[in-house]
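Heads up: the structure comes next, in structure tokens.
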């Protein structure tokens, strides 16, 4: 298992008339957190895409328990609890500035060969970076 | 049960470097469709909010089966299959321009009293508009 | 000269904590209006891009005189007062639901060859569609 | 005169089908940079708004000279060259990851009393923070 925390400040443009960070922004917050989680173990999503491996989102589940407000610094904790196969499942916990759990999320991503647009097993360099966090792998 | 279809054209700003409507836009597409579904039976979400009844999103689940592209006119079908109580559950089917199912979604909304910020039962005018579509109600 | 009006409904996600359509959305509103203006005279921006002609924005000027609110239907009037050369200059007037002028804008676009990424003269099919609105052309 | 630099990483959701950070995001980038410029001299825009002073954007001019790409860290330089009166004029230079000037911008903001919604002179605490950077003030 591997976890990584990313801090994101809520932009004015992201607020809505209730004064909350509108829930449509969470997909981007989570995506930013996921990218930084990868970067933290030496994987650049950009480079991976340039090498012809895409990782689109197949499923996204989000709960919105408490709101975040303008200028809040929220913390997105990305949790890798399953070793990736063709599908890469991640979960997330988002904490507001008072350290309260404000949102939980789950994503299922799929490794896709950008040339054939078909699902593929994760590239070796990707798995090697994750190996250290998983004793047993499939 | 009540269903309503809304057509939305994908904006350039909503595309991403894969050429797809980025998945972070789906929450807004679904919200627009939900608002139009309400309008179609005589409920203005704006007026309801002005009367002190809010309907924030508590849960959102989305699958992304096929992409939509720039300038595509997608169809969001909003499905009201459960009579609302404090929670209002809706599901959605999004079809691309070729009439293929490209995404499914579910939302759980909660009626909230804007003054007390506490959950509340749906207002009478809201239920009355839905009654015609449900034989048995709670 | 040619003008075309496009109606756009302000989405909840586009509002900010002041209750206004946040000014960062105007670039998209204007882009949507520009695309519809072209469609109204038989030009698909999508097809043009597929043919290798891009039309990126080089300059954007916007004034924000009055706000728009959630669920408002705003009207964006796109004004083509100059025959296009390598640069294509457009202006815009945005009216709120009360028909008050709420914003003015100007854009300078540039025709770009997608292969060479160099500026180019407008394609013939583009000019032919516009000819009817201009007595004198360069 | 006072200048402050803010670094912003381009999100995937902000890219478009050309692979560029879509120009509609620049208003948010600039707003984030402006907020951080204020924070750097001890002004919280959030607190100011809570005290009843708003600072909406009246005019925005932007040029888009070179694109930014996904995952690029861009630098937004906010330049305060004029002492604020009712209007607060700022200019901006945005540099891409190669330190090339990719965009210039200008904004005119207006101090507004949130209660009366009328323009007002800048609050004293605001001016006091800026005084150190201006020898002569009006």
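Per-chain residue numbering starts at 1, and chain names A, B, C and D are given in the order in which the chains are listed.
Note that a residue touches a chain if its C-beta (ideal position, glycine included) is under 8 Å from a C-beta of that chain, and two chains touch if they have at least 3 such contacts.
Everything numeric here is computed off the predicted structure, so don't read it as measured data.
Colleague: Rounded to a multiple of 5, how large is the rotation, in degrees, that superposes the C-alpha trace of chain A on chain B?
Modeller: 180
Colleague: Can you check how far apart chain A and chain B are, centre to centre, with Cα atoms defining each centre and the answer in Å?
Modeller: Computed from C-alpha means, the inter-chain centre distance equals 25 Å.
Colleague: Averaging only over C-alpha atoms, locate the centres of chain B and chain C and give their separation in whole Å.
Modeller: Each chain reduced to its C-alpha mean, chain B and chain C end up 29 Å apart.
Colleague: Compute the distance, rounded to whole Å, between the mean C-alpha positions of chain A and chain C.
Modeller: Centre-to-centre distance between chain A and chain C: 35 Å.
Colleague: Can you list the residues of chain B that touch 2 or more other chains?
Modeller: Residues 12-13, 24, 27-28, 31, 70 of chain B touch two or more partner chains.
Colleague: In graph terms, nodes being chains and edges touches, is this line, ring, star, complete or other?
Modeller: complete
Colleague: Please name which positions on chain A make contact with chain C in the complex.
Modeller: 12-13, 15-17, 19, 22, 24, 69-70
Colleague: Touching residues of chain C toward chain D in the complex: what are they?
Modeller: My answer: residues 18, 20, 23-28, 31, 54, 56-65.
Colleague: What part of chain C is in contact with chain B in the complex they form?
Modeller: Touch list, chain C to chain B: 9, 11-13, 27-28, 31-32, 35, 44-46, 70-71.
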